[in-house]
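Presented sequentially are two complexes of subunit A, the first with subunit B as partner and the second with subunit C.
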Partner chain A sequence: MSEFNITETYLRFLEEDTEMTMPIAAIEALVTLLRIKTPETAAEMINTIKSSTEELIKSIPNSVSLRAGCDIFMRFVLRNLHLYGDWENCKQHLIENGQLFVSRAKKSRNKIAEIGVDFIADDDIILVHGYSRAVFSLLNHAANKFIRFRCVVTESRPSKQGNQLYTLLEQKGIPVTLIVDSAVGAVIDKVDKVFVGAEGVAESGGIINLVGTYSVGVLAHNARKPFYVVTESHKFVRMFPLSSDDLPMAGPPLDFTRRTDDLEDALRGPTIDYTAQEYITALITDLGVLTPSAVSEELIKMWYD
Partner chain B sequence: MSSQAFTSVHPNAATSDVNVTIDTFVAKLKRRQVQGSYAIALETLQLLMRFISAARWNHVNDLIEQIRDLGNSLEKAHPTAFSCGNVIRRILAVLRDEVEEDTMSTTVTSTSVAEPLISSMFNLLQKPEQPHQNRKNSSGSSGMKTKTDYRQVAIQGIKDLIDEIKNIDEGIQQIAIDLIHDHEILLTPTPDSKTVLKFLITARERSNRTFTVLVTEGFPNNTKNAHEFAKKLAQHNIETLVVPDSAVFALMSRVGKVIIGTKAVFVNGGTISSNSGVSSVCECAREFRTPVFAVAGLYKLSPLYPFDVEKFVEFGGSQRILPRMDPRKRLDTVNQITDYVPPENIDIYITNVGGFNPSFIYRIAWDNYKQIDVHLDKNKA
Partner chain C sequence: MSESEAKSRSATPPSKAKQATPTTTAAANGEKKLTNKELKELKKQEKAAKRAAMKQANGISIEQQQQQAQMKKEKKQLQREQQQKREQKQKNANKKKQNERNVKKSTLFGHLETTEERRATILALTSAVSSPKTSRITAAGLMVPVVASALSGSNVLTASSLMPVGPNASSTVSASAPASTTTTLPASSAALSAGTSSASTNTPTAIQQEIASSNASDVAKTLASISLEAGEFNVIPGISSVIPTVLEQSFDNSSLISSVKELLLNKDLIHPSILLLTSHLAHYKIVGSIPRCIAMLEVFQIVIKDYQTPKGTTLSRNLTSYLSHQIDLLKKARPLSVTMGNAIRWLKQEISLIDPSTPDKAAKKDLCEKIGQFAKEKIELADQLIIDNASTQIEESTTIVTYGSSKVLTELLLHNAISLKKNIKVIVVDSRPLFEGRKMAETLRNAGVNVMYALITSLDTIFNMDVDYVFLGAHSILSNGFLYSRAGTAMLAMSAKRRNIPVLVCCESLKFSQRVQLDSVTFNELADPNDLVNIDYENPVERRGNKGALLNQFIKERKFEKKKLAMENKPKGNKIGGKKGSEGESKDASNEEDSNSKNILDGWQELPSLNIVNILYDLTPPEYIKKVITEFGALPPSSVPVILREYKGSA
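Coming up: the complex of A and B.
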């Protein structure tokens, strides 16, 4: 049983199910861990989860989102141990219902779509940065409700997630146009609102997301356009970054070492950034429409009740 | 109790009597004959009291449904009379709390392990049997309905709420008086707000502060109110100036505080004010970094979210702007009656339960309302 590798399991989950979010994959990986290792005592279980969580966070360069999943899982285990004093039950419940968590997480996306659909009105032009499944499910839902809106999608370099979203929206029959990231400033006056997803939502209500979100946020704020974050509540994470520098990243944000002359290879820099809460109008989550300051309350409810 | 006995003897007479009252009130709302959120809130509560006294139901859920229907028809009659829907939702929340308490007490006796209070973020990992248990509870509680007298609960709730609404100015004044300094210049664009008026008068009389109040004229809908307001302040020895709406920007550099009254406050911290021009005053204040204080009673907090501001802003007849217009000559005249102020333009809300940042308003709202009652319309819920 010693060959169980939490990182591999985690990555396999993400690969097998493209609809799965990182926190859910992390939870699933931890559940699998419990199933395979079958810890004998409560203390052993907690230690196993702790060490695996650390291992997982260390091995994945972009760990913000999965940290949220691990946090919720750990908290849930600890809390139930205290409440029931009956960890056997709790363990059984977790192991048996692995699949249920996944389906619930997907359902929460539908719930977000239902809550958020009121934000989209006829004739809206919506700017979307990056590809987020939550944002897409909201746009999809709005299109199903026959709301006629148009979308502007940024290319979202370097991951080029924008292309993926562009194709999906086009298939859905939503009028959509793809722009380069640097054109956001030029078109921001034309759009009515901005939707982005999030990899993680910090305690302050700011979001950690694909690089470029911060620039879009600043531009939207400057042009006085509402900037909405569409995200599942299991992505709320107990972090308090003050700027993008505080985020866990693979390398230094600015790397000045000399490399080859190949320009493609020379492209470096951060892949995620932090958008502070003052740029965010509201968060559309499965818990309802929240102001950024409501995020800390949800986290506090979970950790200090 | 007597009302209950009455309904059992003459049920039809009582219900038809109430229906007539409801119809009259709906008609009054439609004709905009009830003015001001204070009056609307109180009249709605009086009507609700009669409605509940006459209502008959088998299960408390029936009663809740009936109240929701009533609320829906009143909201339809006057969609921007928010206080009407607010007070009905407050009473619904009181009833639902009572129902919850009842079911809680029954579960403790039936199942030995108390359900842990699970935070909403945990929904993901919760036990699957949770909804199953709830269903059992609700079916069980129907047999227990005799235990709690929901009519009494609702009527007590209404009485408490009426008391609260009537005493709101007291609560606000207590907090607000400390916020005015000596020799300060204040500006208010909402002279129709009774709360603002009382607040200024008490500040003058109780703490004996000398200050100057600038009142915007509010052309055309509010000019009369503005003049009345200025006269009343002057009678209390407060230095008062009526200024034209267009002079606000020029005067703002001298103003120490802007005080606005509200008609409704939404969960995002934005507000609908009771006359137009308030939004631009707040915009000016922001430009000069002048603090904007919004005074609001708790009953003005609405659980709605201003998705579409244009739906909430009301427009009036154009004859007040251009009295006689030759119909052959085309000219569009717009008379906006209310105004939406976004949350970023308000610094603090002063309510009868304390002062709050706009971003915290959602918390106060959810303390008083239930999410399930946000949409009273069945098609929307």
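Coming up: the complex of A and C.
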């Protein structure tokens, strides 16, 4: 393999394993990169990783969670580089541990389900926005524990992830109903709690997720319903957006250019949004149940010690 | 002892004897066992009897004698009563005075050190430390080495030669024990007596005397900063320096006085560069928590360089306590800023880590290098990182509101406007009485940044101007995420939050404090209340209220010159004005001048029900702050304790 393309590798990993999340795929892609390129010096390795990360982030339009994975790997590399005197040994260790990290990250979803099951009680009506593997594994686990709860799933346009979740829950035998996104306000009073996933968790403890999460969060906050974020800790990302328009996005949040007459094509706008920490009750992660302010603590611990 | 008193004393025994003689003589005859006391009594009676006999022999009857005695007794009684009355009066007056003081102190911020107290302390210290041979101008006036010159006979700078007013210059010196009676003497002799009284313990040349002179108003002006009413000083024996007794009278805070005495005892230890820094800090020549910290570290480098380890101790043990003395003095200028506190804590730890076996020279050099590195790492490089991080937040053509003046913010805005060529607009919000924003606005404007300057009173209008961000500097951020910054910040942050404008704080982690505080009363700094009262643009010198003697004289001369000029100009005025006589006009002019120089709240110190609070800082709750940008990256305010916990060793 003479030509190595980081983006292709990354996409291939995502394709091969549907259970794999974006940050993990990014890490795996970077590990593969190291295995193939075999850099000669530490400086070369760091430079290779850096340039590939940049390339990857540029080529993928929605790069938030991907960025989290790259950040973690970079940090991991930087921290381990000076621990070993012998370069070959060090490289070997990095590759091995990188894979260990990947396998551990996959297990974290089961751990989240274990931790989060306490948050679901009998007779609960749970609103879920968007499709998140972590949320599904939690609901799945709760159903396996014979907790009797019902789900309200939003359609989650424009990606229509809600349909996917609806079918999965239906198969599992959990009573579920599908609503349009704009109906959240109409049903929020009937709902007991809200669960959402996250593409990235910012330093403030706020989350970056599928568009619409912010509106759900505000509605839940207004109706005094608990709003839980179910996410793996490797999605914690060193970003601090102040609002949704601070997020890295492909185009401008509002695009006023003229389109074709096709109405379906005319539908444009941001695909992700940012939900500030004040709307979040707690984050259910593999590190335990965290308050939003604890996210920053975890990130600080991870980056400077 | 007065003559009348002597008489009355001699007169009392006879009257007593009259009553006692018959019974006691009988008793004496009857019983032989007598105590010493009784014996004395007997002797007295005998004497009295003899005297009475003598007088009788001279032709004064017993009745007359009794009358005389009675008269003397009455006279004495009267005198006593009068004296008591006088004492009572004085006591009442004192009480009244004290009450007034208490009223002024018993505000919400009574527990905080006032500028008056700080100034008095510094005055006492500088007068003690300043070299005896040279005169110095201090916060309160001119310090003259009277004693030294008086003893040596060289040119004596007496009060009369200094002050334009009368020769009746006098200073009251209460020698040695504060309880002893005060003696009023002419200035030079008072100084001399003070000198001789302590000559046995100390060299007289070391004694200095501050001249407080002539009429009361001049004295008050000379020592205006400590509102001295009568020039009284307390000479502490063996310390050979002066403490204004006002310090003891007006501040019933005994801990303050004891701390001053403590400082005076250790005055020989104090490094001159520390003194200089103290005076700079006290006069707000160095302001801002970061510049203050840098200045302090620089001075510490000098101090450490000059430090000599005394025999019998090691550097790592002695230097810390030596520095503590310096810091005690620094504290008197203004309360230490959080940055200074953190730096001092770090330095002390570094000193304690020095291996005792390292030679002093190497250890000192090492320490100085470390201090330099600390300043570079914690301030310079940190600022660079903060600027880099915050710059990502500032987009093209944004409007930014700032408050007051902050070093890192000024650099950040300059970097964005000049180096990155972003088209930003800055609104500098400022407030009375410090007007720090002017400095920042000027710096930015000089660099060509689009600046708007406004006072905090027009905050509402400012926030209606499509503001994108509020950037704030900080004095400190507390463990609970509260922002402790220049008074007015909280108001700004709250207004911004109300309009959904993000509030960002740029702050080095050196400013993080372990303290937790919920209101801005518990701990704060009081500035001079006079700053809020007088806005005398005509005469800015008098604004601060600390007028030196020379300055005063200068002002007087200026006034005189002005009058002269006015007189010269008068003829013209007469021609235009026509009818009025020159005398009447000049009176009018002077009246006008008087009313002009008097501000509405000028006499606030005498008004018992008026208190003026001039606090320097306030607290902004964390919910009004979107993020804190530090060298560790952007954090929510809730992460301050995390940083403190994780980097306790390094910070």
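Here is the rule we go by: the second predicted complex is superposed on the first by the 291 of 305 C-alpha atoms of A that agree within 3 Å, B and C clash if a C-alpha of one lies under 4 Å from a C-alpha of the other, contacts with A are read in each partner's own complex, and residues count from 1 in each chain.
Heads up, the rule we're going with is that contacts are C-beta pairs under 8 Å (C-beta built on N, C-alpha and C of every residue); 3 or more make two chains touch, one makes a residue touch a chain.
Since this is a predicted model, take the numbers as computed values, not measurements.
After superposition on subunit A, the partners subunit B and subunit C are seen to fit next to each other with no clash.
In the superposed model, A:104 lies in contact with subunit B only, and not with subunit C. Once chain A of one complex is fitted onto chain A of the other, the partner contacts of A:301 extend to both subunit B and subunit C.
Of the two partner chains, neither subunit B nor subunit C is touched by A:168. In the superposition on chain A, contact of A:293 is made with both subunit B and subunit C. After overlaying the two complexes on the shared chain, residue contacts for A:282 are found with subunit B alone; subunit C is out of touch. Look at A:238: by the touch rule set out above, it reaches subunit C but stays clear of subunit B.
In the superposed model, A:204 makes contact with subunit C only, not with subunit B. In the superposition on chain A, no contact is made by A:218 with either subunit B or subunit C.
Taking the Cα centre of subunit A as vertex, the centres of subunit B and subunit C in the superposed model span 50°, given to the nearest 10. Subunit A is touched at more residues by one of its partners, and among subunit B and subunit C that partner is B.
Note on the superposed arrangement: subunit B and subunit C approach each other to a least C-alpha distance of 5 Å. Under the contact criterion defined above, the residues of subunit A that touch both subunit B in one complex and subunit C in the other are 293, 297, 301, 305.
Against subunit A, the residues of subunit C that register as touching in their complex are 393, 502, 626-627, 632-636, 638-639, 642-643, 646-647. On the side of subunit A, the complex with subunit B involves touching residues 27, 72-73, 76, 79-80, 83-84, 93-94, 97, 100-101, 104-105, 108, 118-119, 121, 233-234, 236, 282, 286-294, 297-299, 301-302, 305. Within the complex formed with subunit C, the residues of subunit A that make contact are 203-205, 238, 240, 242-243, 277, 293, 296-297, 300-301, 303-305. Interface residues of subunit B facing subunit A in the complex, by the touch rule stated above, are 113, 116-117, 119-125, 127-128, 267-269, 305, 307-308, 357, 359-360, 362-363, 371.
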